[in-house]
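Okay, so subunit A shows up in both of these, paired with subunit B first and subunit C after.
Moving on to the complex of A and B:
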């Protein structure tokens, strides 16, 4: 990120608000991982459906577990899923997109586009179900399903950008100096797609968190841990009986985190001037 | 190679790819079902018979060919959990899902397009800012939250209590509206943010072109400019989005809506198959939606040539 981009981001009010929200959630996640926050989320510490009070700030759920602790732990889980999926799918998207764009209209390009087309053609939740089925419900099947499908958009955008960069003079100069293709792509082409990767990472993060919630609700995601999706699944019965603690805690936190990331993604797109990435 | 032949070849490659992925995941790498079917203390011979019946002893490509044939002839076998023919289950549930999802799908796209055109016409004004911010808010709310919140607000005594919490007993227009309203609202709300934003990006690019500015300067009416010039020229990306999202919205949308509202459509069939590991149903649904998607893409390509005849010349 260049100096001007940072300045433009700093002047973007909603973007900074988004960044702050994301940082707060990241801090919560770090505290939850290191055991400072959200401990005892699995323990029964109160009665059934206690309302909010000094002992349980957000009340308790059906089993008498503290909803606040579960919400904080759910945040850690959302951030963790988002990070894992984002890192791997951006890496995959950058690598395959660069391969595809660099080879330009050759067979590697056709192959990558074909694989991306095939993966985009299968409705995602069905694909996730199929992966869970093939891996026999392994706890990582949710991450695998997301990584395997989420790289395609990044790859397509990187491909276009690499094709554009390929014809630039500095690439030609590098080639004239006798550098091989791999080195040129790694040292000179991919660094020039960094702005795309940063924006795509925020967008992928949003998609991963949203998807984790729905997969967990469908029983294809988190099974033994705690997740906002599982809290919403519990709450779907509770709200009919008038207990809104689980629902409000999970949905408000989920909304805040997603909103933060969306604002940040927009501000980054403006600051890095990638043009609005059409989703 | 002529344009259409090339598109056709792409369509076939896509079709083979999609069916191959679902075959790999659902049939080849899927759990071994032999021991669910053999009795207690089976002899090696009995095991061999069951494996033969399931086709496990056949070569890889032949099994893939079998799967393709099953999909093409709609001879999809029997459901593991109910014993009903899978094709009969699909026949019963697909119309329900179409009736459930269609109004929300159409409304979500039309409203998104309408908001996008408003935002583009008043670009940079407070209205544009309001529409853009509202669509970011819409994009940040999970489908699940929308469904639960609407259910509480419209279907329970804690809200207006006007519509049913669950179920689908459609016998006429009144009962159809009674059951379809809340799911439709949910679908519109979840798609509106993304649609508006996408369409706004397309429409604003088109509305900034020189000929549009000239028309505006000559005082042509907004309706004429927007519909006759801007909309017409943005048709390709709009059509693409609509075609691309048909299978995805119908499957993913119906999956959540139907499992939540207890509506006996394809989504509920799929949800039950997921929770009970019903392989024949799952592999049929995954394979068929993939095939439908590949077909939708090919139809999309044909529509392109209708909208923009230049494409065939390239």
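Moving on to the complex of A and C:
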């Protein structure tokens, strides 16, 4: 099936375009992490508000820092945040959703639904501010706020899917082979939700990057680093003065990455929907 | 010869919808090594429930299972539970399901699924398990076992899936295989193939097979003994030959009369049993078949007729034929 899923993805033009964009950003992130790109983001390397030129391709900002370096480092930060938030919230959502769906009408289901309901009812930015305050502006407060609120959607979807799968005959057959409940969930039920988890992961990743930018813009996100959100915050003054470097670099990068990811997510959804093949 | 599986006084109650009604009522039977026993009955009469109850797969609170004993090779498995029960399933007693399309996990290859069962029950390395898996697939008739091991269930036909299911159920050489309508979803060619495999199991490994079916012809041709089930009770049990040649219970006789016979001088009319199968929530008292039975008299509705020896088998009827 992986073979055919890849073939379906390969035939999807926009999907491939999205994949290429995402791969380019991933490459940038890897290079930035390994110290090959965007290292001078904090250094003053030029005059204030220099326009684009051979020394500074995207120009410099108020302090004379290179905007290209800051954009690349911002990309690495955005992707890092996206990955961390996605991995944890998908893992949490899958685990709690499976627990909830598998236990049926029992108390674990009630509890998980109640927690999810409570978390969903809190306005997100208020919650992020509260977490940032509670963690005293710790650099992970943004991640914690996102993980704690983002898992609920995945959990709800997984819960429904697990309830559907639970009554399928292969689960009964797995029982008849002597597997216990935990093993059945791990080996038979969750693998059958994989297509949902992959698509949810792409959606969560996009949401996390967007949220990182917004939170950083609001001063609730990245503190001691660089972020597209911080660049946009700087540019809110600069644009009025006629300096578009920060604004264009951050917003175009954000747009490209999100669009690339959305295209890929759409294509993945089509390619991985086993329902179209099997049933 | 000591039976491999002996079921004594098995009852199953469903606890749903407020009413605790009996799906299986005081069923006793035994099956011996190397032979097939048929369990015949209409849809919803409790055949599958009987098999699931023997496997211990019906759990409280939805079901209440009671039995005097379910002995597998002389060991009572009716009061096991949890880990001990699961250790038996798939190793000593296995089940083949009616719908091979849905009984196999769609996201894993056949090889992965069969290997998993081997690793669960046998002390083998992955490499050995793979060899065992390929042998099992070869044994049920897949000439190119490697290719089938790499196939996903949706890539195979129904018959092939059922063969794979049989390979999976029998890979650990269980003493008993409960085959729950294994051929119902299949075409005649595939049916023949599956039945042939079940026969091979009996001959090669001395496996005892409980063949559940509503197809009288399948039972007659493939089983040494046969039991007729109606509304959760076994009405008649006998050697398959004797049972079909000389039915003693009016219901058995009615079932046999339902088989259309094609011949030059026979009328093309099927004798149907009058009336309808009663709802399990509203069973008539006494003999459940009495309201539809031409031979019934008032005694039939008073108490359930106990199984009595007659003509080499047993019949639960006050007024047998």
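Heads up, the rule we're going with is that the second predicted complex is superposed on the first by the 272 of 279 C-alpha atoms of A that agree within 3 Å, B and C clash if a C-alpha of one lies under 4 Å from a C-alpha of the other, contacts with A are read in each partner's own complex, and residues count from 1 in each chain.
One rule holds in what follows: a contact is a pair of C-beta atoms (placed from the backbone, for glycine too) under 8 Å apart; a residue touches a chain by one contact, two chains touch by 3 or more.
None of the values given here were measured: they were computed from a predicted structure.
Judged by the touch definition given at the top, the superposed model places A:34 against neither subunit B nor subunit C. In the superposed model, A:178 makes contact with subunit C only, not with subunit B.
By the touch criterion defined above, A:117 lies against subunit B but remains apart from subunit C after alignment on the C-alpha atoms of chain A.
Once the two complexes are overlaid on the shared chain, A:127 sits against subunit B while remaining clear of subunit C. By the touch criterion defined above, A:187 lies against subunit C but remains apart from subunit B after alignment on the C-alpha atoms of chain A. In the superposed model, A:263 lies in contact with subunit B only, and not with subunit C.
Residue contacts after overlaying the shared chain place A:167 against neither subunit B nor subunit C.
The partner of subunit A that touches more of its residues, comparing subunit B with subunit C, is B.
Comparing which residues of subunit A touch subunit B with which touch subunit C, the overlap comprises 278. By the touch criterion stated above, subunit A contacts subunit B in their complex at residues 114-115, 117-119, 121-127, 129-134, 136, 206, 210, 213-214, 217-220, 229, 232, 235-236, 239-240, 242, 244, 247, 251, 254-255, 258-259, 262-263, 266, 276, 278-279.
Residues 13-14, 17-18, 20-22, 24-26, 29-31, 136-137, 139-145, 148-149, 151-152, 156, 158, 165, 194, 197-198, 201-202, 247-248, 251-252, 255-256, 259-260, 270-271, 274-275, 277, 279, 282, 285-286, 289-290, 293-294, 297 of subunit B touch subunit A in their complex. Within the complex formed with subunit C, the residues of subunit A that make contact are 1, 168-170, 172-180, 187-188, 191-192, 194, 274, 277-278.
Within the complex, the subunit C residues that touch subunit A are 55, 57, 83, 86-91, 94-95, 97, 99, 102-108, 116-117, 120-121, 152, 154, 165, 168-169.
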